[in-house]
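One chain, chain A, links the two complexes that follow: it is found with chain B in the first and with chain C in the second.
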Partner chain A sequence: MGVGAIGAAIGEGYTAAEANLAISRNTKSAGDIFKSMLIGQAIAESASIFALVIAMILLFTKFSATSYVTVCAIFAAGLSMGFGAIGSGIGAGFPAGAACTGMSRQPALSGKLTTNMLIGSAVCQTPSIFALVVSFILIFTDFSGYPVSPGCAAVLGAGLAIGLGAIGSGIGGGVVAESSCNGIARQPLTITPVTNVMLLGQAIAQTPAILGLLISFILIYKGFPATDSIAPSMALLGAGICMGVGAIGPGIGEGIASSGGVKAIARNQEVVGVITRSMLVGMAVAESTAIYSMVIALVMIFVA
Partner chain B sequence: MHELGRIHQLIIPFMGREIIFNIEAMLMTWIVITGLLFFGFFATRKASRLPGSVQILGEIFVKMIYDLTKDALGERSKTYAPLICALFMFLLTCNWIGLFPHLHEPTKDLNTPLSLGIMGFFIAHYAGIRAKGIGAYLKEYCEPIFLMAPLNVIGELAKVVSISFRLFGNIMGGSIIILVVSYLTYSIMLPPFLNFFFVIFIGAIQAFVFTMLTLVYISVQVN
Partner chain C sequence: MEQIRQTQKKYCSAAIAVAIFAGLLFILAGQKPIGKALILGTIFSIVNFILMGETLPFRIGQSKGKTFFISMGSIYFRYIILAIPLIMSIKLEQFNLFAVIFGIFLVQIVIMADHFFSYISSARRKQF
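Up next is the complex of A and B:
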């Protein structure tokens, strides 16, 4: 919860700062800007609300802690949601800020900008929704039959894989949505291609988080034989950390790549096809590091 | 709360192995298909120059998707537009069916998105081979150097995983959040808003994203 609140706080702070700048630039449309700021902040906050829900459940449910694995799973649920909320919180702040700036430039566009901002920041929440799903699975699955030795490490690794992995994708999605709001404010006619490419870019920027989700599911559901040696446990924990940390960079990088694509389309919408294809190729290359870390994580899970 | 993660399964032993049917997902899929067939029937039944309300809905819909495919595929769009249109209609209805009591989204079961993702994968690669020829198609895997070929193949497979888990994770996550929050607040106040956001809004966006990604994968292979 604490960690999750950091992201939301940064995101909301950014939005509020942009809104103040925007109001100072164009005092007439202060009402619209204020409304949009509130909506944007509410969405940026939803990531931390997810974290709050998890924290409430952890606080108010009576766990009959039967085994170490269950205890580890509950801890991992907290980790997963806490880290997972950072990225989406920061990310959702960007489009809200850009929408406020855009409204101060083009007050007539506030309706369209708000719609675009809503879509963009809703898609930003996807990584934190993934983290939430893993947290719920970790809390409500019955782990009593799991062996202690690799089991603890497996659930901790699962929490870390999606928690850390969601940071990059959340921020990346936010960067894309920000430049799409900027682009629409500059050139309102391009709203359809810009929104389409924004959705596409955000969806692909989420791939690292999805790979993290896959590794988490494998770690939770595979079922590992009990051992006394410490090496398999460390390998499973390492797989989670490898996937999680490895997904941060590609998430942000893909976000930057597709934000460039969105900006270019907002300037020159004649060349949507070419820009989209070169953007996709660039993102595929940026993504390859996430795929390397997934391969390493899979090797650690299945070979070690 | 105990409904979380429960799957209704029919398990039939067959030749020493077990065949598993997820009854609920199959039933819901058939409900969606029936609904879409009725929609198609009523939209085209009395097709006239002065369209009725159902026909106009269908026309707007088809026009929108055909324009999108035209942007992405150019003159090849005639071949793939019906596929993309059907995919979007199916996914949208699948994601929205959870609004009705006692009905569940078939996309909440990983099998549905995964099979649609695999279908899109095969169609995209078949389209690529047909457009470029098998030699040029295989050569693309050996770029920049042929040592990268295994990683390129894994990259292609990761696309299937990402496209299907994205849909599955969003719909599943939405339904879990609705369930848990309704349980915590005793279904007072919040559930309608949550349903609006997670089912209607996120459902429509994710159906669109899945369709667009399938379209873009085809267009990357073709061009």
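Up next is the complex of A and C:
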């Protein structure tokens, strides 16, 4: 919960700071800006409410710890949701802040900006929903038949793979949505292509988190034979860390690449096709490092 | 602040209306713990949303660092309140945990649904 609240606090703080600037620029739109800020923050903190739900379940449920794997799974559930909420909390703050700024520039567009902000913020919550799903699986799955070694390492790795992996995608999705709100405020006629490219960019920025989810599922559901050696355990834990940490950079990088595309389309919608193509190439290159991480994680799971 | 109050009134009244209607349906269908939990979660979700609006003026007009710490304090305070229905549903069998979780997100769901439907209706109006 402590870790999960960091993202929401940064996101809300960023939104409030941008709202300050927006109100100082256009005091007449203060009401609309306050309203947008409130709605944006309500959506932005969904990820940390997920973390709260998991924290309360972990604190107040009586678990029948039939094996050490269950103990590790419960710990991994907390790690997964705590880390998984950071990116979405931060990311969802960006479009909310940009919507406030946009309203100060174009008060007549407040409705469209709020809708665009809400779509962007909602997509930003996807990585934290993945983390929530893994947390629930870790809490409610019966691990009594799993061998302690390497079962403990596998469940811890699963929690870290999606928890850390969700950070980059959450922030990346937010960067794209921020550019979309800015773009619409600058050039309202581009709302349709900008929203479409934003959704495309956000969808691709979520792929590192999806790879993290995939590695988590493999670590949870692939049965591993019992062993006395420490190497297989370390390999499985390492696989989770490798995928989780390896997904942070690509998630943010893809968001930045896509944000550039959205900005460019808002300036010149005549060349949507060329800009989208170059944006997708850039995102594919940024994605490659997440794929390398996944390959190494798979090698550690299946070969080591 | 009046605009914030109007926004809160609009979304909170819609959320509680949905919760009461769905809750009654569940209670009539014999799923009392789900119905009661849905209404309970929604009430606390509304309290959280109102408190969020009430703390907004404290966050405006401050430096970036100060805003961050005020946001952090506000989040922790509101989450302590949101934890109450979750603890109740875990400890008491009269409340279903998953229905409480759904209720806690009902205000956000109503906000999303409201904007989604107005987006769809404006797109349809443009078509005809």
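Of note:
Basically, the second predicted complex is superposed on the first by the 304 of 304 C-alpha atoms of A that agree within 3 Å, B and C clash if a C-alpha of one lies under 4 Å from a C-alpha of the other, contacts with A are read in each partner's own complex, and residues count from 1 in each chain.
We adopt the following convention: a residue touches a chain if its C-beta (ideal position, glycine included) is under 8 Å from a C-beta of that chain, and two chains touch if they have at least 3 such contacts.
Quick caveat: nothing in here was measured; it's all calculated off a predicted structure.
In the three-chain model built by superposing on chain A, chain B clashes with chain C.
Legend: residue contacts after superposition of the two complexes on their common chain; A:Ile137 is shown touching chain B, with no touch to chain C. Judged by the touch definition given at the top, the superposed model places A:Ala284 against chain B, while chain C stays out of reach. When the two structures are aligned on the shared chain, A:Met56 is found in touch with chain B and with chain C.
Within the superposed three-chain model, A:Ala122 lies in touch with chain B and with chain C [touch as defined at top].
Look at A:Leu199: by the touch rule set out above, it reaches chain B but stays clear of chain C. Clashing C-alpha atoms between chain C and chain B appear in just one of the listed stretches 56-64, 74-82 or 92-100, and that stretch is 92-100. Within chain A, the residues touching chain B in one complex and chain C in the other are 53, 56-57, 122.
Interface residues of chain A, counted against chain B in their complex, comprise 50, 53, 56-57, 119, 122-123, 126, 129-130, 132-133, 136-137, 140-141, 193, 196, 199-200, 203-204, 206-207, 210-211, 213-214, 272-273, 276-277, 280-281, 284, 287-288, 291-292, 294-295. Those residues of chain B that touch chain A in the shared complex are 1, 4-5, 68, 71-72, 74, 151, 154-155, 158, 161-162, 165-166, 169-170, 172-174, 176-177, 180-181, 184, 197, 201-202, 205, 208-209, 212-213, 216, 219-220, 223. Partner chain C is touched in their complex by these residues of chain A: 1, 5, 8-10, 12-13, 16-17, 19-20, 23, 31-32, 34-35, 37-39, 41-43, 45-46, 48-49, 52-53, 55-57, 60-61, 111, 114-115, 118, 122.
For chain C in complex with chain A, the residues that touch the partner chain are 1-4, 7-8, 49, 52-53, 56, 59-62, 64, 67-68, 70-72, 74-76, 79, 82-83, 86-87, 90-91, 97, 101, 104-105, 107-108, 111-112, 115, 118-119.
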